[in-house]
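Order of writing sets the chain letters: A, B, C, D and E. Residues in each chain are counted from 1.
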Amino acid sequence: MLEVSNLACSRGDHLLFSGLSLTLQSGQIMQVQGENGKGKTSLLRTLCGFILPDEGRITWYGDDVRDLSEEYFASLLYLGHHNAIKDELSALENLQISAGLAGITLDERQAVSALRRLGLKGRERLPTKVLSQGQRRRVALARLLVGNAKLWVLDEPLTALDVGAVALIQELIGEHLGKHGMVIFTTHQPLVIGDIEISRLSLL
Amino acid sequence: MNQLSVVHLLVLVVRRDLLLAMRRRADVLTILVFFILVVSLFPLGVGPEMGMLRKMAPGVLWVAALLASMLSLGRLFSADYLDGTLEQMMLTPQSLSVLVLGKMIAHWLVSGLPLVLMAPVLGLQFDMPAQGLLVLMIGLLIGTPILSMLGAIGAALTLGLRGGGVLLSLLVLPLCIPVLIFGTGAVEAVASGLSAVSNLSLIAALLMLCLVFTPWVAAQALRISME
Amino acid sequence: MAINWFKYSAPSTFYGLAGRLVPWFAVPAAVLFVIGLYIGFFVAPKDAVQGEAYRIIFIHVPASILSMFLYLVMAGYAALGLIFNTRLSSMMATALAPTGALFAFISLWTGALWGKPMWGAWWVWDARLTSELILLFLYFGFIALHASIDDPRRADRAAALLAIVGSVNVPIIYFSVKWWNTLHQGSTIKFSGTSMHVAMQQSMFTLLLACWLYAVAVTLVRVRSIILERERNTLWVSELKEVGL
Amino acid sequence: MNQLSVVHLLVLVVRRDLLLAMRRRADVLTILVFFILVVSLFPLGVGPEMGMLRKMAPGVLWVAALLASMLSLGRLFSADYLDGTLEQMMLTPQSLSVLVLGKMIAHWLVSGLPLVLMAPVLGLQFDMPAQGLLVLMIGLLIGTPILSMLGAIGAALTLGLRGGGVLLSLLVLPLCIPVLIFGTGAVEAVASGLSAVSNLSLIAALLMLCLVFTPWVAAQALRISME
Amino acid sequence: MLEVSNLACSRGDHLLFSGLSLTLQSGQIMQVQGENGKGKTSLLRTLCGFILPDEGRITWYGDDVRDLSEEYFASLLYLGHHNAIKDELSALENLQISAGLAGITLDERQAVSALRRLGLKGRERLPTKVLSQGQRRRVALARLLVGNAKLWVLDEPLTALDVGAVALIQELIGEHLGKHGMVIFTTHQPLVIGDIEISRLSLL
């Protein structure tokens, strides 16, 4: 269970939000909403510990995430504006390395099948730098399939994706929630997960 | 918990970085060629007197090694920072210090070791005696890892800053000066018939010290830079 | 009487305190400068070996000593800021750096001026001189790193780490005269039995004290403006009368 | 047509790049400090004998200037390339050669000129005679623009390549060797009582040549790199 | 009038499209459609001359764009995946410089009002690096307001924009078409321009 209480965050002289609290239980999904520049990205990065909040506490099953650190990271999967893939490596190598670092051993067959599911058939062994914008995003999203993280933090996962890929991501999120995962995300595009209710947090 | 053992993690990180280096093989070669070029520029600038060149040789070789590894340091973390993979590394449930140590080792293998192997050949061009060459090589062998490690701290601190490359040199070069002094001191010692052991063991001591502290310091620097 | 130190470690209270303290350092600094220079140039006798040129020592030595001392103080403040996350200590470190760099520069400059008549060269590459030069670079490194990071919190922490790592160098400078035999003179100021004329010593100590007072005063002034800049959006700053809206 | 006159365009580009340089003032300073550092490293490596240092001085200063401007060249186009502004510049209805010339000028103002002004101070540290210093400064004054211009070609060619920095040095340093040789030759000439004019005028001739050809060549290189 | 005839383009050993022809008249708008990696970006970059086509001709009012070059560029505005703004400069400076290079003099008042129209009020003088993803995109889009280019080539202009900004961009495109401009664009998000008909080109 992720609990955030009384969080405040400012960038430069600009107070983005304050007194923000939220709770996310197993199987729940939450969308952070707000216009451009309202602080959605900042909120998600604060949850991952990249930004020190000015005030407030973030706890994971009761413990402050600052103290847990590695334990918390083991149950966290963050997908940011960047794809976090190496241009020179193939999609396959990228996926295997990032799984390896997360402590998961992934044989080639598994990795290839994850990439195929994301529509990268025939592109698995090309260096990712030659892929298109959307294909690169798909490589990054393949991490959703191989990890065993409980909490997904997704910052605009749908950018650059075509309609088919959007449907696939919605399906993946649905599966994850079905397995008692939690998801917190932002997007400016419409996103529907079957008939699961998405709780919304608006930054004004 | 998905925590890996230290050795396993080191192997993973070193292999990753070596794989990347293999994909851009040209880079490794260019560091080496840069080294050769800088060393060869000096006789051009200074003039061809052999006696003077022989005396300059250890200094020039060491300074060139310093500059070459400084240059390649710029990319130690910044490539990973720009494409977001560093961010992801920091989110893995692994020890950041070990991860950083792995990157330091890989950096040395790619940019330090080739210099060490190349140095004797260049030394010959300056007419250095065999014993001097040996000491030079040993000095570089234990000295260049220090450059990689101290450099890693600088690279971490200047992460994502514009003009990082030059700023990095400014921060790191002063810290590397003791290595330079002991390294050239060792060669000069043998040249004047003394023993090089004391100088070399000072470098070795520095290496130990760095091995213990720098991974942790660089990891802290990374955390600060990522905030 | 117990002083509440934490009260003064808040920038808002320290701002006022620093403002009141400045004259208490600045005025004695000026007075001691005058006295020290007077003793140095009119009372102290001509040196047997070096003639009049030796009088540079009265500026050279205090500047050299302070350049090293201030680095350690700066690193200490930076470390405090890094460990306890106290904003004021980091601001103090930032405020100290330019003064330290100035003293390092003065040391180099006066040394060079002195070197010409003494050694026949503006500069020799001896261990102490070189290490003093490195100290100047360490200051520059600190200032440049701090300046290139926009987020003040990150800048403080990054520069602090650098300052701590760099402080390893200070003992090297200090002991360089002992470890390598060099052209530069070894320590003459010893705790027991010195070879110096009394007036020379008086002048040197007076000027050392003056420089120290000056450093404190300037640092306080600078830290005040840093506080103002960093806290420009807070209520208390906007209520200050010198910050006319 | 929205085409600007050559002068107007030059002013626009130079102003833009100087504005950017002002925003990252630390960079300009660090190039200078890097220069000073490299120069200061040599005596540390080579030892403090004044006679030898005096002889080395022009060579060391020139090599350091070469390296310093090489380092800063890395960012000449690459910063603009990475954020897409270079792409947009190529889509403007202006002459790309003039645009490139503007960037060269700005680069020299920011990274070459400070070196020229600093060099005499460093020369003093090596106990160079006044006349030598003057010739050194003149040499650098007309020589460093050549480095910026040749460097621009290299920077354009290595655009977007990993390890560009080192590759760049590899391409450009050999081209700069004539400047280095004439520059140090001039100082040595006055030192041995001859006239420096012939060496200096050779550099001046090179400068003219570069001024005419390099903007166009660099523009072509840019076009190739962007394709 | 932009005319493309029999264009073929390949990347690596991969043929993206061939035999592609299209015509774009004043006042017309065309959407290039296709799944991720089908070559939309490659097509638009070919139109701008960044990619040499394997075959085919691109003409602007009858003349090959290769020969026109600067004349063609004067009537072209390209917005790519990159925002093409300098991080250190403010939105205002960025806009003024890019207008200047395009040969348009723009005084501060005009620039500010363009930025305000794009919802950047109060952010005009901040260095753009502190802006959010969407705000940065808006700075890039401000160029649409100040230029006098006839042909707009927009590669996924809507990424990172919130709903309000999307509506604004649609409005701007509408105005441009009303002034006899031409637009060719790609997007994976729905985009409607009043009741103007969008011709579509699908890459398969």
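Methods note: a residue touches a chain if its C-beta (ideal position, glycine included) is under 8 Å from a C-beta of that chain, and two chains touch if they have at least 3 such contacts.
Keep in mind it's a predicted model, so treat the numbers as computed, not measured.
Asks: Compared with subunit C, which chain's mean CA position is the farthest off?
Replies: Taking each chain's C-alpha mean as its centre, the farthest from subunit C is E.
Asks: Which chain pair is joined by more contacting C-beta pairs, A-B or C-D?
Replies: A-B
Asks: Among all chains, whose Cα centre is located farthest from the one for subunit D?
Replies: Max centre-to-centre separation from subunit D belongs to A.
Asks: Could you put a whole-Å number on the gap between the CA centroids of subunit C and subunit E?
Replies: About 56 Å separates the centre of subunit C from that of subunit E.
Asks: How far is the middle of subunit A from the middle of subunit C, if each middle is the mean of its Cα atoms, in Å?
Replies: 49
Asks: Provide the C-alpha centroid distance between subunit A and subunit B, rounded to the nearest whole angstrom.
Replies: So the centroids are 36 Å from each other.
Asks: Could you state the distance in Å from the CA-based centre of subunit B to that of subunit C?
Replies: Here subunit B and subunit C have centroids separated by 33 Å.
Asks: Indicate the residues of subunit C shared as contacts by at least two other chains.
Replies: Residues 130, 137, 140, 144, 148, 153 of subunit C each touch two or more of the other chains.
Asks: What are the residue numbers in subunit B that touch two or more other chains?
Replies: 24, 162-163, 167, 170, 173-174, 177, 227
Asks: Among the residues of subunit A, pick out those that touch two or more other chains and give their numbers.
Replies: If we look for residues of subunit A contacting two or more partner chains, we find 52, 81, 88.
Asks: For the complex, which residues does subunit D have touching subunit E?
Replies: 1-4, 12-13, 16, 19-20, 23-24, 83-85, 87-95, 226-227
Asks: Spell out the part of subunit B that touches subunit C in their complex, as residue ranges.
Replies: Against subunit C, subunit B makes touches at 153, 157-158, 161-163, 167, 170-171, 173-175, 177-178, 217, 220-221, 224-225, 227.
Asks: Of all residues in subunit E, which touch subunit D in the complex?
Replies: 48, 50-52, 70-71, 73-74, 76, 78, 80-89, 93, 97-98, 100-104, 127, 148
Asks: List the residues on subunit D that touch subunit B in their complex, please.
Replies: 24, 26-27, 30-31, 33-34, 37-38, 41-42, 44-47, 52, 55-56, 58-60, 62-63, 66-67, 71-72, 74-75, 79, 161-163, 165-167, 169-170, 173-174, 177, 180-181, 184, 188
Asks: So in the complex, the part of subunit C that touches subunit B is made up of which residues?
Replies: Interface residues on subunit C, with respect to subunit B: 130, 134, 137-138, 140-141, 144-145, 148-149, 151, 153-154, 157-158, 161-162, 165-166, 168-169, 172.
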